[in-house]
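Look at the two complexes coming up: subunit A is in both, with subunit B in one and subunit C in the other.
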Partner chain A sequence: MSRTRAIAVVAALALALPPVLGSPYVLHIAIMTGFYVILAQSLNLVLGYGGLLSLATPAFFGVGAYAAAILALRFGWDGAATLGLAALAGVATGIAIGFPSLRVSRHSFVIVTLSATLLLQLVANNWEDLTRGSLGLANIPAPRLFGLTVEGRTGWYLLSLAAAGAVVLVTHRVVGSRFGRAIVATRENEQLALAAGIDVFRTRLFAFSLSGAFAGLAGALYAYFITYIDPGVFGFSVSEALLIMVILGGSGTLWGPVAGAVVFTALPELLRIAPEVRSLLYGIILLLIVLYRPAGLATWLGRHRTAAAAPSA
Partner chain B sequence: MLTDPVFLAQLAANGVAVGLGYALAALGLALVFGILGQVNFAHGELYMLAAFVLLWATQRLGLPYGAAAALTVALMAGAGAALAQAVIIPNLDRGFESVILGTLAVAVILQNAVRLAFGATPLDIAAPLEGVTVDVGGVLLFGQRLAVCAAFVAAYTGLAAFLRFTAAGRAMRAMSQSRDACVMVGIDVRRVTRWTGALGAALAGLAGVVIAPLFDLYPNMGTEVVFKSFAVVIIGGMGNLAGSAFAGLALGLAESFAGGLGSAVLRDGIAFTVMIAMLLVRPQGLFGRSVRV
Partner chain C sequence: MTPILRVEGVVKTYQGVTALDGITFDVAGGSITGLIGPNGSGKTTLFDCISGFQRCDAGRAWLGPGGPAPVELTSLPPVRVARAGVRRTFQQLKVFPNLSVRDNLLAAAQSGPGFSAFAEVLRTTPVREHERALRERAAGVLAEFALAPHASEPAAALSYGQKKLLELAMALMTDPQVLLLDEPVAGVNPTLIEALKRHLVRVRDRGVTLVIVEHNLKLVFDLCERIFVLDGGRLLTSGPPAEVAHDPRVLAAYLGTGSRSPAALGG
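On to the complex of A and B.
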């Protein structure tokens, strides 16, 4: 009961933000926080619940951003259909990357997810007819949803909040479902999951494509909100920030990555740290976690290890 | 034009030169995976760091290229030993994800530290062989490219001899077979890990000092190198040194012909496409012992 109440309080506070703290700058950060919540949940699904270290989240994000921008600029599409198609593009990318990479060792999985992201960045840079290369796509028009044009920071804030809330809800439903338990089972003990009749490959592919849908949606929202994208949307710095949000927040939990996303989006902005310095600090934080707080990785590494060690004990 | 034998010979010569560069850049990565079973995600940044150390040694210290290159490789070996000590050794028993995350963090730190120190504007290093070209029956060979080929041959034979004939090399090969057995016969596993890290970084450094003068220097330059090196290592069979050398050479040739007869995009996509095809058809790579999980 208290949990429901806590969620209600958080939702009420979030809804009260625009009138109370209505400065455009704070709202801008709040909107970006919503996008990062979606991205963190996308990584959490694969890394936290699935136990797979994926560096492909920026690939899904970038594909979603480009899908929305191209549909809007080239074909004059807008609104819910574009957002849905961007999420579908994320699913397609997830299947395309997951199909080869999930069949091989977990070493190769990390390498392939990173390489795929770099390749997509290369394509965005070189396929100039479609993407205008490093010039990027500018003047992406405001989306129309259900007859309303999303404009103004308050409108965007409500959309960002709604999308982040929907993603958290979907994650909650999926994780509590049969499929979600199967995903966790493949993380805990792959052999045992196989023996219990779980199709490990298909379960992981499902988690990976749902992760693609989330990040694709975030990419489309980002493209519409910023109104400009370039191949930098595939950048590794996104993966780096997400890893910190998910691991420090608590991977494999529903609300941990949400908290991580809120803290690590707002904090650097409010402290006004330059992007290079922020990346440098993120790198140092990540290294310190790995070296001194491996328990911070415990939600996935630790459980994995106990499960692996169990038969000999 | 397309069937002109001189043109095709030129493409082949370019391909061999570029391919041996890929093989050289991937050698340290393949070594670290082969001996330790760990993926070093900072490999590309070690290459980048070597290029910037070389720039510092030639411009600030005023050393000639050869001396600066030797100093850089020595410093990189030290950096590799430090990386192994700080990041790999504490994580040897913790599962490979820890080492991947740790080396990723080091990569991010190096990239941004270099960006803060040198700025993001592309810089250039001069090397003595840069302007030299040799004309062999109409086929042009470039001096610095030949230096890359020579560096690869020297590094590969040197590494093979080291692994075969020295006590430290034998200990490293033993470690690649079984770490537990090493512990039982009294091989210092930490020392072997430091040795491997130092050698891997020295090889990345050597690649950096000979290849970097061909291109601009910028803080992200390691990303493309590590991307190609991953492809080479996967195609060749992870941890198989001869396999990666062959895969690097083949990739260089394929790219050269694709670029000469097709388009630049086609050329850039080959590494990834072949890597994916290899993972689907032969996950253990061309010459694989199977990939360890």
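On to the complex of A and C.
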């Protein structure tokens, strides 16, 4: 089966899922999977392609979520504008965090990104006039996109699927472009990249900001979907889940993090059939993947860690 | 002689140790110039200063000093030195190991025209045309360096000698004016050394100026039109190979005082 046909089959199956399965619970998981696909690609750009362990994804996610919630609740902005602005807020956060953190060593980068996330969580907790602190922001209205109000789980499922698809497409285009090659080159050998005329700092800042745009968008979608957010959106558990999805899915590949997001969002739910041993089983499955598929699930998809090597334009 | 590269009183010290002590010389355009000297004499440090990887404490290096628009290299970061037309290789072999051989060449040619992120994502016609031209150029370079059969393999899978060829091929992707080669044949077998020599001569004939740091003195004396000898961070002497090979100061620097055999230097 050709790749295009395989993608078409997967897309058709994904579109057919809501009417076939129908269950609100399954749809809820499917919608959240779409958000996780976006977040996993956000981390994948920086970690997988750029080789930098970023713990700032929850920061972008949280900023996007708060941006959308505040614009919708306080200013009554509609969906398309808030989603766009949330993505831009992610970009701005990426630039603000990236500017200092991308100038330090790779190890320090991890700490600076974690600190920035914790700092933003503190701001969300304490800037009560804007965020209502730990009470959070509730009753976020349903978004209106191009005249249509996104309502019901089927509508949300389609939006989540479309957004995830768009993010995967943009990632594909970026990693197949000169930007993508530059991002991978900075991962592979920083000195050689510099000698080849690649501006390592600007390249990384670009990847980090785009990562911010993706996660900011995911945050806005999440806020609209759940209709409530609190400072917990900046939590470290998001980074933890995303690291599992990206690394065990296939870091530095296009489809690995998608597979990772699908498997590791669905798996904990599937394991609810055995609630007593759920965590134990989850841990064992993670261990088995690390042992037998160290390069991630993507190796099953035939997509080993490769370059930003997209087919020629 | 029209100089393409001028090094003017370059000084570099590391915590009180003087690595370069007022180095001055000109490199003629379209030539192959050798830079030799015992270990620790400052050769790589000088490359680092010219290519922007180290800031020198004093002195300057110029690209095209006599031309209409000289570029002061020592005030630029490495990226801008590369974009100005001065490329370098490293003493420790460097390629992008997980990128395919073809993508190594494409990644080495980043310093072309810039397109916006939107243009890249939308793959507009100019972006596609530029990409096509780059790929054609890469195909030509792959064929020239006998790397075409390995184009889709990761660079990590190449032999050491092939990686050396790839390193040189990468540096040539953007038609540099000056190429600084740090030990281009170190650890390479004699057959491949001959092949590399032919490549270097061909590159020079294309108009690229080569400056070579190398401990294989036979190669230096065979290839270079002029040789600069460094010792202890100072320029000991310079001249054509025959002259340098018989200079007792050079023999002393390499082999210790009292040495008399020019043959030992490969001359």
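Just so we're on the same page, the second predicted complex is superposed on the first by the 271 of 313 C-alpha atoms of A that agree within 3 Å, B and C clash if a C-alpha of one lies under 4 Å from a C-alpha of the other, contacts with A are read in each partner's own complex, and residues count from 1 in each chain.
Please note the rule applied: contacts are C-beta pairs under 8 Å (C-beta built on N, C-alpha and C of every residue); 3 or more make two chains touch, one makes a residue touch a chain.
Bear in mind the structure is a predicted one, so any value in this text is a computation, not a measurement.
When the two complexes are overlaid, the chain among subunit B and subunit C that reaches more residues of subunit A is B. Once the two complexes are laid over each other on the shared chain, residue contacts for A:Val277 go to subunit B alone; subunit C is not touched.
Shared-chain residue A:Leu53: touches subunit B; no touch with subunit C. Contacts of A:Leu135 after superposition: neither subunit B nor subunit C is touched. Of the two partner chains placed by the overlay, only subunit C lies in contact with A:Val174; subunit B stays clear of it.
In the superposition on chain A, A:Ile198 makes contact with subunit C only, not with subunit B. Contacts of A:Asn189 after superposition on the shared chain: subunit C is touched, whereas subunit B is not. With both structures placed on the common chain, the touch criterion links A:Val112 to subunit B but leaves subunit C unconnected. Using the contact criterion defined above for the overlaid structures, shared-chain residue A:Ala80 touches neither subunit B nor subunit C, since it reaches no partner.
Residues common to the contacts of subunit A with subunit B and with subunit C across the two structures: 305.
Interface residues of subunit A facing subunit C in the complex, by the touch rule stated above, are 170, 173-174, 177-179, 181-182, 184-185, 188-189, 191-200, 206, 210, 252, 305-309, 312-313.
Only residues 33, 39, 41, 86-87, 90-91, 94-98, 100-102, 104-109, 111-113, 115-116, 223-224, 227, 230-231, 234, 238, 264-265, 268-269, 272, 275-276, 279-280, 283, 291-293 of subunit B touch subunit A when the two sit together in their complex.
By the touch criterion stated above, subunit C contacts subunit A in their complex at residues 51, 53, 77-79, 82-83, 87-90, 94-100, 103, 106-111, 115, 117, 120-123, 127-128, 131-132, 135, 170, 174.
Those residues of subunit A lying in contact with subunit B across their complex are 53, 100-101, 103-108, 110-112, 114-116, 118-119, 122-123, 126-127, 236, 240, 243, 276-277, 279-280, 282-284, 286-287, 289-291, 294, 297, 301, 304-305.
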